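Two complexes are shown next, each including chain A; its partner changes from chain B in the first to chain C in the second.
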Partner chain A sequence: MAIDMSKYRDMFLSESREHLQTMGRLLVELEKCPDDREGLDALFREAHSIKGMAASMGYRATAELGHHLEDFLSGFRAGGAIPPAAIDRVLAGVDLLEGLIDDLAAERPERDVRAFIDGSAAASPRAPRPTTPAAEAGAPGNGAVTAPVASGEEILKIAIELVSGAVAPAARALLMLRELAAQGEVVDADPNERQLLQGGTVPRLELRLRSWRAPQEIKDLLLAMPDVARVSCVVERLRPATRQSRERTVRVRTGLLDQFINLTGELVTNRYMLQTAYNDGRDREMRDGLERLTRLITDLHHHVLQVRMMPLASITGRLPRMVRELEQQTGKEVALRIAGEEVELDRSILEALADPLMHLVRNAVDHGIEERGEVQVRAGREKDLVLVEVRDNGRGLDAEAIRRKAVAAGLLSPGQAQRMVERDLFPLICLPGFSTRTEVSETSGRGVGMDVVKAVTEQFGGTLQIASERGRGTSIQLRLPLSVAIIRLLLVECGGELVALPITRVLRTLELERAEIRSSGRQMVVPLGNELVPLLSLRRMLRQPAKPVAGTIPVVVSEARGRKIALVVDRLVGQREAFVKSLAFPLDRIAGVSGATILGDGRIVFIIDPQGLLDEGAASGGRSGVSP
Partner chain B sequence: MGLRVLIVDDALFMRGMLKDLFIKGGHEVVGEAADGREAVEQYRRLRPDLVTMDIVMPLVSGIEALTEIRREDPEACVVMCSAMGQEALILEAVRAGARDFIVKPFSEEKVLETARRVAKRA
Partner chain C sequence: MEQLLAFRLGGELYGLEIAHIQEVVEAPPLYYIPRAPAAMPGALNFHGSILPVLDLAAFLDFTTGKRDARVLVLSPAVAHLALAVTALRGVVPFAPEALLPTREEQTRATCIRAVLTQGREMINLLDLKTLLGRLESL
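Take a look at the complex of A and B:
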């Protein structure tokens, strides 16, 4: 029976992307050092891998382009060096391959590669190989590589009706399936081989075949078989296919799988221990068993998280290419240093972080570096967090320009702006629509801005910090949790309800004496260090009835819009590790609520996001300040 | 070019009929066997292009012989001959690697066509 290739599709896509990233990196390195033989060999192998994988998947254009690049590179391998023009060409080829991979991922027909391949003569170190004429390509055994460029993967959809009196129709259908499998690859069949082996009546056989044969050839072949009444055979663009192929795949070290099995074994043992202890009514053993269970679950959780972890390298691979392009566009000279690529983060965080990281590096090159300089991307573990830092040694942020802009945009009064120290001004650049540049730069563009970088960071309970010194450079630090599913929460009570804040959003908690509270205009504030922090009522933000405050006032200090805020709550309950579930429609539309978790006693606790609550309050015109 | 054919059937009458039919079609009948055990021996010795194999035979059945032959030569080209009402056996034979099957009563045309088609693929 032919292999169903559709289930390998996602693996193909992710592996191809990795190969393309490596190609991009190797090319940038080769440009600096064009006679690096090993680099050239590695590049050749990458192209070769892509070709091979695409050919076995039947992706003709991708395979053909991979083959072309491999061929193109082999000419320079012999010479031992690759000229800049050829690097540009291969980079363009890599871009085209990326486009093809996108096409395949989106289940679109592959885009055309012929124009690119035909345009190769000028840059080629030798005459390009004659390409296979389309007429020859129909011959069997001709691999996908030399097959004509198809604008998409084509597939034959075949329906066969057997004559009504056919003897052993299931056996007949089986033979047909086998015959067709010899002519290509059976993608799926109804009934399938397993069903046919059960026997019974088979009035009709439907299947999809990936084949180099023309539809008419297949039709003739089938009509020549006994008991066949009618055959239809039409070409169809592959709408790949099974639902399972849309699911994401992840590669797992087999050692990790072994650990899962071991853990499962221990859990089973533990279950029997608990069962026995329960039957015998031995409390002490029950307690021991539960403790053991807790350890095992912690272990299991740890291992499951590991499966989701991916190295930062999976998103930094594009950066060298991007910096190279920026160098060409801006005429600046930029050295990009990447450290800590092996640091691992949860895959969903990495996926979300890819664009923001590119934006930060682009910003650093575009706004930071003047003539020449260095951009550093650095990652490292800091306890439960991962620090990702983008640092440049360029001109640094212009605090005065930020001050002017903030006043002009009505974010600060001239007086406020004047009083603010530099450190407090920097976070303002993360406000939506805030840019100290009046013109839109070609490279940084509009698209993703610092506001998006901050939003993505905070979406995962992370924080963003900016440090900058005039003439010395700027550093943007993202602190992100390692994983998303389980986070530490601070539980607080408010109006008889329990709500939670991600601990990463909590700067500190404290109990205020009434006497500590002051007022500034109509806003109540509380001095913290040498700052006056606005005091907001969580009850008001949650639209709960106000409550007269007696005794000390519990307060959670958090951050919103780049500024500290002090949230008044009824009671601080404590910290907890919790498995956070995202909310489904319509609950996901509630502003200021980012998820929910279920406590041990079954209560549902919503996780609130102070920034979102404030935005919502501002939008509905409500005031959440604590009145004097 | 004609095929070298081995005919396996416990009925002399059937063997004779098939033999005439193949010779008339321009093929060469290189051997005949009356049961499964003999079929395996003859196959080993003759290595024919095509075997027609009756399913129900004494001693060693057609399916057993088919299995044995395919074990020795996975490329062996065996067509099962069966009577009506043996659908389960046909299915089993196909599963065991029979290249095709023909159902008695045979039509001359069908037998020769099947032989041609099956042998061409081999």
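Take a look at the complex of A and C:
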């Protein structure tokens, strides 16, 4: 059975990361409340899930470590409480698992887990689990030898023959099956569990087991059980996971999929309606049909964006863990409150926001809170925006320190600095390299800074606001759009200015030689394929001063009113992906300008729509053609 | 007492209530707006918002010359717009009852809502509603 596991791999990676985040959060909660039975149970289940998933994917070391943590936890689960030392150990295990997930994501061999697992005896105050003699032989954590990490999938083909005089062979076989199920995932069994439950004679049990265990371990495990006459256990190797371009995966609510089906249905209906109207030549119905189509497409677009939405919880999971570590490092006492985790944002925004959010919380703990205090992460909808706020009740920003720093860094003159009110000083901390701490602290002084937080926020069309009161605390508010409109743009220079065209409107770009241009009446044309395409000056379309055509001529071929047009520009700058911001009044009143984007360096570039420019040009009697 | 920010447009003195102004931005870089009317010298990146700058003096047909490098960003509740003026003067406190109303047709023609006399000077209070109405047909 050759299953291509690679497509499940990304799902495994993302789900495992979620489980690990949850484990981190649960552990931090358990530390405050060590006898929280439900928390312990949940923690155990998380470890169990990781083990199960890793085993079914054939990730041996990951599965083994997951199993080990599961075992380790089960002891405390029985006792009903988990001591601090054990929490530390499980946290270390979670870290190691994260490392393993990173290995798998990077398609490296899994790192060694032996040292960690072997260290358990010393770290654990008691035995992980009362083990049965049968399990003893193969139980992890007891120094069982693991085969070197396999790069592919492993399924073990196991055949067990029972002794002929076994008293209850079906029951015995059932026990074996269940024991094996604890060592991995039973792919199939003959006879299967249901058949075994009906009893009868069972001379032989055959099954396939997807497991992280070596065949010899399984064999030993089975031979240690009563009534076993002979065991054969061989590896059925699947083809190794091939390197493929990895699509990122998202999970989609089935409700949403139903809506897609419904929309598809409506589109099909709409198509027939249009077809009929067309056949019968009924313009009115054609028009109605097209209007309906427009609405359906808008709907579809909306739902597609929905698929990209993920809850904020997907990036707040790490925060409790981080705050706990900061507490240990700084000796401060910090209560972290998170509200609005269910608020949804576009996946790409969330991914970009993860590090900045951690930075803000780290900052709040590190610079805001003095000895004890509270850090709040709060999210909520504000019309079409999502507000993400990180607020602390600590010492507040030091306006004087910011003033001094700004002067020292040459950002302000001493006079300017004195005149500036506090509210205007705060945004200065978002300037690259600005930090009010003279020494770089271990926790905040690395990775992203406030400048990055601001840049990321603005890149998505969001805004960052800082409010702070001395002795009362600081609040950083990020307002972000719910979803993004990412499109590819072609940047061109025209009349010394930068403008952008949506790549969807660009058929091709070329550099024309003077000799390739012909005139047709008063209009310059260029032969492309078997068409003569009119050459239009983008300068004229933008009402910029004309420039005599000289040398090679950069041209963007686009389409307007169903015809090809060749736009003469000054320079082709290049393509890039951009988050398009729609324009508000009064910018939306300018015909031919469809949106704008902010480049990485803060420059604004407007997006032009050739068709719109031509329509407007025609209305005002302007000519855009390049004259001979 | 309320406050207004006084500024010159050509040779005239105008004012706008502080409440309508979000911020005065010091010489922001302005970016090219394709097809913008002549009175719109560019757009600024205001904390990630794209705001066009309206040169009030040019828009209201005053003789244009120098422009103050600072621009007035209007409160987002009013409009996504920044205003450039000939020269910023400063904040002037005023009592609302001291405002002299203008006639309706005068308001429409000049974008002046009311007039405030201050010493020997007259400050024309800008009527944002009329101004924004005129922008409807760019």
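Everything below uses one rule, namely that the second predicted complex is superposed on the first by the 359 of 628 C-alpha atoms of A that agree within 3 Å, B and C clash if a C-alpha of one lies under 4 Å from a C-alpha of the other, contacts with A are read in each partner's own complex, and residues count from 1 in each chain.
The rule is short, and it goes like this: a contact is a pair of C-beta atoms (placed from the backbone, for glycine too) under 8 Å apart; a residue touches a chain by one contact, two chains touch by 3 or more.
Because the structure is predicted, anything quoted here is derived from the model rather than measured.
Of the two partner chains placed by superposition, only chain B is touched by A:Pro226; chain C is not.
Of the two partner chains placed around the shared chain by superposition, neither chain B nor chain C is touched by A:Asp71. When the two structures are aligned on the shared chain, A:Asp366 is found in touch with neither chain B nor chain C. Shared-chain residue A:Asp346: touches no atom of chain B or chain C.
In the superposition on chain A, A:Glu110 makes contact with neither chain B nor chain C. One of chain B and chain C touches more residues of chain A, and that partner is C.
Applying the stated contact rule after C-alpha superposition, one finds that A:Val167 touches chain B and leaves chain C untouched.
In the superposition on chain A, contact of A:Asp609 is made with neither chain B nor chain C.
By the touch criterion defined above, A:Gly199 reaches chain B but does not reach chain C.
Taken together, the chain B residues at the contact with chain A in this complex read 82, 84, 86-88, 90-91, 93-95, 99-103, 110, 113-114, 117, 121. Of all the residues in chain A, the ones that touch chain C in their complex are 427, 457-458, 461-465, 497-499, 542-543, 581, 583-587, 589-593, 596, 598, 602-606, 608, 613, 616. Against chain B, the residues of chain A that register as touching in their complex are 167-168, 170-171, 174-175, 179, 182, 197, 199, 224-226. Remark: chain C residues 29, 31-36, 43-45, 47-50, 52, 54, 79-81, 132, 135-138 touch chain A in the complex.
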